[in-house]
Amino acid sequence: MDFKLSEEHKAVQQAAREFAKTRLLEGVIERDSKMIHPSEQVAEMGALGFMGIMTSEKYGGSGMDALSYVLALEEISKIDASAAVIMSAHNSLALWAIETYGSDTQKETYLTPLAQGKNIGCFCLSEPEAGSDASMQRTTAEDKGDFYLLNGVKNWITNGGKADYQLVIAQTDPDKKHRGINAFIVEKNWEGVTVGPKEDKLGIRSSDTHSINYTDVKVPKQNRIGADGFGFKLAMQILEGGRIGIAAQALGIAAGAYELAANYSTIRSSFGKPIADHQAIAFKLAEMAMDIEAARMLVYRAAYLKDSGEPYGYASAMAKLKASEVAMKHTVEAVQIHGGNGYVKEYHVERLMRDAKITQIYEGTSEIHKIIIARNIRKGELALPI
Amino acid sequence: MSVLVYAESENGQLKKIALELASFGKAIADQLNTNLVAVTINCDNNDLLGTYGVNEVLATSHQGDFNAQQYAAILSEAAKSKEAQTIAVSSSADSRFLAPLVAVALDAGYVTNVVGAPISSNPFQVKRSVFTNKAFSVSEITTQVKMVGLSKNAFGVHENPTTATITNFSPAGVTSDMKVTALDKATDTVTIADAEIVVSGGRGLKGPENWHLIEDLANTLGAATACSKPVSDMGWRPHSEHVGQTGKPVASNLYIAIGVSGAIQHLAGINSSKVKVVINNDPEAPFFKAADYGVVGDAFEVVPKMIEKLKSFQAENA
Amino acid sequence: MKILVCISHVPDTTSKINFVENDTQFDTQGVQYIINPNDEFGLTRAMWFKEKSGASVDVISVGTAETEATLRKALAIGADNAIRVNATARDAQQVAKEIVAVMQENSYDLVIAGRESIDYNGGMVPGMIAALTGMNYLNNCIGLEIEGNQATAIREMDGGKETITSPLPLVIGAQKGLVEESDLRIPNMRGIMMARKKPLTVVEPTQEGQQVQTVSFEKPAPKGAVKLVDPENIDELISLLHNEAKVI
């Protein structure tokens, strides 16, 4: 069992770290404060190959593995969790499905420009009445012969405003329940697609989150992904992979907060010594470091299982659950370690604390993940951890 | 046998670094019990070198602009003709340019950034600064002919009066097909490289419109102006003023930093300054740990006071 | 046009500097290694020539196996070939001679080396390469254009700059200003993948002997605490600077 990163993985990690430090750090506080989308930086992420990082090279992607994806997301999240979720939603939630299940035409039309970062993608599953319970789809896609008629509202859509192409989940046949759900590629500029106003969020404020309305949108038959009724299963598979991305984001947020707190505690003095030398702070840092390492092992392992072609559902659930809990707990501690300074924007940690909260909610709530893990235990699928 | 130094001049007058280099060369010559020879190019006040212990000046002339290949050839010929066993150059941009060419011509081991007279002459060992001013190393040169580059302000100027014989030296020289087509010298202001005192400003000054504080203080002291990296990145000041690890190095006698927090990369670049004064209203600014003297206060109040007090001090000591 | 960029593998600028083995060796524990910043400015300019006029770019480094990660980064940025001379860098002339030995196998039109490396601050390798090969040399290069066989370069001097023309082949000492910091390349994912497939040739060293040896290292004496002066009492500061520090 080799815990070392290969030279190539280190190179990806280094490139992402350098990108985050030189291109994301500047202006991150202002972007968060004023909800400014990092469009320039997202374009650069496209040029660097981050926006199609796992997509095959033959579709213009970078052809890298899930571990590379995780390493890049972690580094980016340390500094700008909004840029990270833009990247994660694009890669895991939009691209992956099209590459894995898309028809040749769909891949040609949509996959290549998305993988090259020329267009942004988003995934539309959540609805005002359907969050954790995704089987209760109210958005309908009536089969009209040579097209589907799409009607309904989707909300909490990351990249909702900037995305040109949307992967929309909708109910075609209500009698078949979740087996009557389909997935479609919808273009933002089609008639009947209306993007709602940008949400004013607690955290990840420079990523744009919108509700999207569909009023009699005509979706060509060839834009349905996979066989009729495949949509729900596809959505679940998408989320399974998406968990790894968000787990990496949460891990990065925690690691970023830790680095800031550890550094601050060596510079800040009280009662005659750096606060890092006071046991109260030293103990906090020790716990932070340990919890982050533990979360990191879960996240990297989930990526490793995915790359090995092995089932990774419970592993990604554990990784996402653990990493998000660690992120929330320890960003709060990081603010505490900074004292008064932690309460102002200038020191970054308050932003990381606000960014952390969403990681416990989206991509499956913490509660849902406990259900997933419990089910795996019940099905006897957690027998061998390695 | 001799010790040979390249004493630089500008507009016919010896530069202060040449006098420091001569003092340094004299110390080495004494250690080796040999003569000190200086090479000058286009210099009009060669006899001044006698004050600093130079026994002989090889005065040469060169037509046209500075050309490293040609200057190096003059020095190599001079070194060979005087059987120089040790050659010393300054750390000016021109000297750093030509020195490696001389080192190869003479097959001499060459060490830069030397901070004092040799610790020992046999074996020949010198102390130099490394890791961009974060440490020192003792280096031994094992070749027959040795070459050292002296750090600015590391040795100081020391008088050792003697009469210098001035000999006109006309080596064969070399041709060069490199041509200077344009020259852009900032003639009025003191440059950071030459300045005894450098006054530097950081983000604490809030904006380029407040730079009169830096400029007025610099004018009062006859100092060069400099700035931290964020200030030059934001375009408040020209890139040429940026000092620090990736900017210009500073080796002045006095470095006054106003509104500069003192990030590691900045400190590395200005570490060779003898005395550092920090003015910052943040008592936690890391720069205070690296400073010799500090004032915790508002620059907008402290600097005008400094200018006022300096003016009265200068009037009293005129 | 054939370009050779000389790369040094150096400790990161923010590294803590410590010594081991009785202060005779640099402590590499926990130290991140990078491409020497001045070399990176040179490499970026070389890439510009490659993109603009199809120049080929080789990179070379003198070092043992762990320096290969740095060479691969240069390949990921876009260099075509990497060469590693399998020897520990002992002193500047040895490094210059090893590079010159490799240069004899290929004729380069332009050789770029960083003006100085941030670890030993020698600043001699580019000049030595020029002197050993008889090539023209320009240090402190902050601008470089090449038209056919003619280079027009800008050299930064103490207090100004000058424009110099020279026929090729030419050696330059690169530094900040040759390209802007914002133009430095972050290797993209495609580049990292391709770097795996690009040639990294290891050659055995040809040089023996050493001209300069490090006997020992020393950290600077711990600084005394700063003397703080009350902002209401600037007279004291002036007095200290004049009488104690003797700098005014």
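So that you can tell them apart, the chains are marked A, B and C in the order they are listed, and the count of residues begins at 1 in each.
Everything below uses one rule, namely that a contact is a pair of C-beta atoms (placed from the backbone, for glycine too) under 8 Å apart; a residue touches a chain by one contact, two chains touch by 3 or more.
Note that the structure is a prediction, hence the values are computed from the model and not measured.
Ranked by how close its mean Cα position lies to the mean of all protein Cα atoms, the top chain is C. Of all chain pairs, the one linked by the largest number of contacting C-beta pairs is B-C.
The geometric centre of subunit B is 21 Å away from that of subunit C, both derived from CA atoms. Subunit A and subunit C have CA centres that are 39 Å apart. Subunit A and subunit B have CA centres that are 54 Å apart.
Subunit C makes touch with subunit A in their complex at residues 68-69, 72-73, 76, 184, 186-190, 192-193, 195-196. Interface residues of subunit B, counted against subunit C in their complex, comprise 65, 68-69, 72, 92-94, 96-101, 103-105, 108-113, 125, 127, 129-132, 134-143, 176-186, 191, 193-194, 196-197, 221, 239, 245-247, 253-254, 264-265, 268, 274-275, 277-278, 288-298, 301-302, 305-306, 309-310, 313. Subunit A contributes residues 267-269 to its touches with subunit B in the complex. Remark: subunit B residues 284, 286 touch subunit A in the complex. Across the interface of their complex, subunit B is touched by residues 11, 13-14, 17, 19, 37, 91-93, 96, 118-128, 130-132, 136-140, 152, 155-167, 176-177, 181, 210-220, 223-224, 226-231, 234-235, 237-238, 240-242, 245, 247-248 of subunit C.
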